[in-house]
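Each of the next two complexes has subunit A plus one other chain: subunit B in the first, subunit C in the second.
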Partner chain A sequence: MVSATAPVPTQEKGTKRHTSFNEGTGRLAALLLSPTLIVLVLVVVYPILSALRESLYTSGQRIDDSGFIIQGSEFVGLDNFSAIFSGETGDRFWNAFYNTTFFTVTCVVLETVLGVAMALVMHKAFKGRAVVRATILVPWAIPTVVSALLWKWIFQADGIANSVLGTQILWSTEGWQSVLSVIIADTWKTAPFIGLLVLAGLQTIPGEVYEAAKVDGASVWQTFVRITLPLVKPALLVAVLFRILDTLRLFDLPYVLVGPNKESVETLSILAFLEANQTRYGPAAAYATLLFVYVAVVAYVFVRVLGADVIGEAAQKKPKKNGNGKGRGRGQGEQDASKPTLLPGLTAGGGGGGA
Partner chain B sequence: MRFERSHTRKAVALAVASSLVLLASACGGDDGETGGDSGSTGAAALEGKGPINFATGKDTSGNLTNQVAAWNSQHPDEKVTVTELPESADQQRAQMISNAQIKSDAFSVLNLDVVWTAEFAANRWITELPADQFPDLSKLLPSTLDTAKYRDKLYAVPVTSDGGLLYYRKDLLDKAGVQPPTTWEEMVAACAKVKALPEAKNIGCYAGQFEKYEGLTVNFSEAVNGAKGVVVGDDGKPNVDTPEALAGLTALVEGFKTGFIPKAAITYQEEPGRRAFQEGNLLFHRNWPYVYALANKTDGSSKIAGKFAVAPLPGLNGPGTSTLGGHNYAISEFTKNKATAAEFIKFMSSEERQKANVEKTSQAPTWASLYDDPALNKQFPYLAPLKASIETAKSRPKVVKYGDVTTAIQEAAYGALTGTTPPKDALATLQTKLSTLITQ
Partner chain C sequence: MAVAEKAPKMIDVKAAEAPWWRRWLPLLGVAVIVIYCLAPFYWMVVSALRRPTDQFDNSIIPKVWSITNFTDVFKPGTGFGRALLNSLFVAGTVTILTLIVGMVAAYTLARLEFRFKNFVLAIIITTSMFPGISLVIPLKKLFSDIEWINTYQAMIVPSLSFALPLAVWNLTAFFRQMPRELEQAAMVDGCTPAQAFRKVILPLAAPGVFTTAIITFIAAWNEYLIALSMVNKKSIQTANVVITGFTGTSGRDQPFGSQMAAGVVVTIPLVIAVLIFQRRIVAGLTAGGVK
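Coming up: the complex of A and B.
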């Protein structure tokens, strides 16, 4: 929330008026929001704190003399965490960390390229556009586990992939084959999601901008790079952020498509699941906590560095752009459209025009 | 003062956060250690009669409803409701565990895989059964009864069993004039002779289950036991780094290297292997009895209906040893009606019920005399080799942390079979790992 602690003189009157109009609505707002907040706290915050607590304990690991498991949990502090980083478990952890990061980077880049292409196709008006739109969205509609099973059948040793390619690649064995199979299945499933969000962004671009570009003699590529991409950037960045967060938690595809305990495709979520499956809830919670921290850090960096406009702050900030130095010039979106950008979408400015 | 920017807002947030942390820690498990009562003096008598719930995996045969209906008609006050869990064994186990951890009485009788007995017994999720309430135990196959015990105490009753069989193409062996093999070398020689035939030039010789999952543990144990080695000895201590075990594992590794085992077999679970055999792409195939009925189907799904037969598994230099599969029925610790549950288990494991089940589902029974029944033998020609298989079968390690043990075995076996690890190193690493895991 923006705090107007050092308001510019011209705004003070406005702030005061603002205050007297909204006086007391803070409490009412808190009251009306409290049911939702309580549910969110119970469903989101409590499990996170509970998992944090669980990661500091261990239970059910020791057997007494007559062969029964000793009940109750024991406080072990950060032992679960230090165990993750040491020895063979450490190697496995860093391998999973590398796999998770690799999948995220590769899959998201591919999905973005394909998604934007799909959105551009869906945006054009042509005969059968509705059918094309529906077909493109089908993979996204299928539950991930179901699509993992479908691709598992396709990638079997005697499956369709080998028949069509004329090869005998063993897709579920260790090595580049299993990685490729996961990437293909994941991109197939989620490129439509990015396509959908980017399509929404494309539809907010007014046609006059394109006409002006045509009048100025811009080529197709120049129009795309200097008009379409910057204006679609807020939607695109949100979609990319969502996909990054989702792929960091990748579990179903490697687990179902390739199988557990395969180090080529093992991700951090799989490690947490395998520990929980062996009723070792302390280490499982520790893995889950580490993954949570990783995802939170990535999300924070993404929002700060790339300025993904996740909660629509750019529209709010516009009137204050002369006042605060904050926001790294987020209110300057209008002029960005014509600025040459080397890497579209990766500049620090906000996409104010598309909000 | 506006709530949003007052300093009480920070205090409230802090209070909420800290109360949540306290709540989380308070609601967590207790910090104490409560050991079990050491040296229990025999199982307590089972009490409580009333309706019960039977938790079992997906009933692929369709016969379970008939069995339960027979019970329900005889016991209208103690009705049994069947809860079908997912088909995958892992998911069945996960659901039974989560049910047990909240001490719920939703499940009364559990249909456990043979390898889960130790884990469920040690965690006190199933009740010890008083042997005097189950008088017919002596009529069951001893090797199956062994899987239902933990530390020599009875915790479940075996109701179905499973042993590995060697399926082979009788038509091709007859054409090549070869007898069904009884050792690994005979199998290799037989395949060489069959491959000389023009119609079998490109056939795969042998496949089992070699994907990295529980089936690999089964096949690895069979290879090791068939070479007269052990994974876990009779004293309960692991002893897998022996020349015998190495010989067994090396036979499989060499099989992959020489092409005796087709490369694709490294991805085979039960179903892909069965499909390859049914398509006529395999000469020898190690699988469970369920394949028999499916491979004999004349509806066009099997290209080898009537052309195959079964034999006991071949070992390295003599007859082989199958790994024991099957299911046991146990009573959940948290159910109220344990007496009814015990009666139901006795009912389902009785000779009459097991016979009816075999006829409809071809699942291997545990009642010993059923294997000698002439009518059943006529209907199921594989009963005789199956009995031999089960009687000499060895069970997998009976360990509380079975999941870790099987993962370690899979790791070693898969590494050796894919050529990533030399077999000797794989066994040495496995021995070290098992020694740390199996300390009871």
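Coming up: the complex of A and C.
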């Protein structure tokens, strides 16, 4: 009995030490958070680990050394990964990797520039601000699949795009034109959204700052580069991070707009999806794992190197690491409360399903 | 709010002194943005309202208005009506489940002080960053083993992976904006913390919960990858999957007219909701940034 109950007091002691002012809060919090955490473990953590395990196995029918057909999973170690990096599959993987990276860089740069421009315009405009705010949500509200179909229709051989441009381009064929059509469609859908978030950031900048800049004789460009950008940077960085993560998992748009098995627009998500569709779970899981690692590295670099404050407002209780010692804790908290914090997974409106 | 209103007034004065082009430039910019956002959407609506016979006519306004495309979409055999109900059921269930589970977690994160709070927040936000495909592939294999393929739960459960972090995040921001004194007063009057949450906080947080519900619903309604991977039986498929699978009457032709009409049907409720609750959604998306 003694040995069975022994660990409990020590555990309590550990909890007490950190919640001295409110005994038992830790346990209550654990109890209340457990449903959410259990769900997340089941639908996120378990699949990720399972994919990692799966990527070390091969499944389905294949022929063994002596020519017999064998069924079921077999442990193959890193074979799936080495297969990815070699030969024809290697070319396909690197192509998908390149496409994914290219879409991410191009789309996010375009969307950020356009988004910031839109935010500046909206910030300056007083007439019609309500109208513009409502319309800017329209591309966001349209499901990605529907917008992909819409752009497919626009980029039809005898569609409006060719007729307006006076061209005869077959947009959905392999080549730069299909890449461009995906970039245009993605930018159309998400640039306004970045604009909305940057606008929220702009509105928290006090007017006095601009007055001071004007008194000091700053030009419009100087004001923008030295004042607006640095002050909007926290909101912008987080927005850009989430856009990058969203574009890295781009699936719906090229899949519906151009189609599967199109080399020019095949992303890592599409490649993994097609493999899984043919029940080649091993290679599919290997692709998915590589994409996951890629996403994780990018996110890590963004948070650590560029200091994107992802937790932002939610973590206002603790003073920021880059900042302002404890004495200013309260002021910091107030400032944070008015700082826009981007919601996860929302920039594309498609949730985890991707851009 | 005070700050937000102050800035415009100041610039307004400046704008009045500025040359005419400086006054009209922002308005022109606004017009450009509105056209940018609405032109493709307008094209979808207009294309849906053409007669199938002049579907490829590129006039800005259709010569003959027609709702044939819409009636075509709902013809028996397309399965679109059923697909809409499926979408509604899946997105609705995801929203309700997410709100029930997420509300408790959000309230905890907003109010209680405990050791691993920031760690838990970081975990929740990190889970939302994972690429959908990394979750879908193992889950697809798992679901085929337990015979969940072609069931609603096979779409609902994986959707929680993006809906739950979203809702917890949004709700935490809303709960945090509410003054702590509310519960304190309720507790002085003899409520337990649970009662204080249920009888005082919940009714007052209704707008925030409602906004979260809309945003979660839109995210779940727009989901494609999971629905495409987990279900291949037509009677279970969601609207997004069915629309992309429409087949034309004449072989390989893509029936764009029907697809645009179906797209309008799928999108219009969301657009109306967005226009009505515009202010709230913007506030929700920026999590309290625009008040």
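Here is the rule we use: the second predicted complex is superposed on the first by the 269 of 355 C-alpha atoms of A that agree within 3 Å, B and C clash if a C-alpha of one lies under 4 Å from a C-alpha of the other, contacts with A are read in each partner's own complex, and residues count from 1 in each chain.
Everything below uses one rule, namely that contacts are C-beta pairs under 8 Å (C-beta built on N, C-alpha and C of every residue); 3 or more make two chains touch, one makes a residue touch a chain.
Here the structure is a predicted model, which is why all the values come from computation and not from measurement.
> On the A-aligned overlay, A:V145 touches which partner chain: subunit B = first, subunit C = second, or both, or neither?
Second partner only, subunit C.
> Using the superposition on chain A described above, determine whether A:G259 touches subunit B (first), subunit C (second), both, or neither.
In the superposition, A:G259 touches subunit B alone.
> May I ask you to decide whether A:Y57 touches subunit B, subunit C, both, or neither, giving the answer as first, second, both or neither?
Only subunit B; A:Y57 stays clear of subunit C.
> Have a look at where A:C107 lands relative to subunit B and subunit C in the superposition and call it first, second, both or neither.
neither
> With both complexes overlaid on chain A, does A:E74 touch subunit B (first), subunit C (second), both or neither?
first
> In this superposition, which partner touches a larger number of subunit A residues, subunit B or subunit C?
If we count touched residues of subunit A for both partners, the winner is C.
> Could you say whether A:L170 touches subunit B, subunit C, both of them, or neither, answering first, second, both or neither?
first
> For A:Q278, using the defined touch cut-off, is the partner it touches subunit B, subunit C, both, or neither? Pick first, second, both or neither.
first
> Just to be sure I read the superposition right, which of the two partners does A:P35 touch: subunit B = first, subunit C = second, or both, or neither?
In the superposition, A:P35 contacts subunit C only.
> In the superposed arrangement, does A:V131 touch subunit B (first), subunit C (second), both or neither?
second
> Which parts of subunit A are touched by subunit B and by subunit C alike?
Correct list for subunit A: 19, 22, 26, 30, 45-46, 50, 54, 156, 158, 277.
> Considering only the defined contacts, which subunit C positions touch subunit A in the complex?
3-4, 6-8, 10-12, 25-27, 29-30, 32-34, 36-38, 40-41, 43-44, 47, 56, 58, 101-102, 104-105, 107-109, 112-115, 117-118, 120-142, 157-166, 168-170, 172-173, 176-177, 215, 218-226, 228-229, 240, 243-244, 254, 256, 259-260, 263, 266-267, 270-271, 273-275, 278, 281-282, 284-291
> Which subunit B residues qualify as touching subunit A in the complex?
2-5, 16, 20-21, 23-25, 27-40, 90, 94, 97, 121-124, 150-151, 211-213, 263-264, 266-268, 272, 275-276, 400-401, 403-404, 407, 410-411, 418, 420, 440
> What residues on subunit A touch subunit B, complex-wise?
Subunit A residues touching subunit B: 1, 3, 19, 22-23, 26-27, 30, 41, 45-46, 49-50, 52-54, 57, 59-60, 63-75, 156-158, 168, 170-174, 259-262, 277-279.
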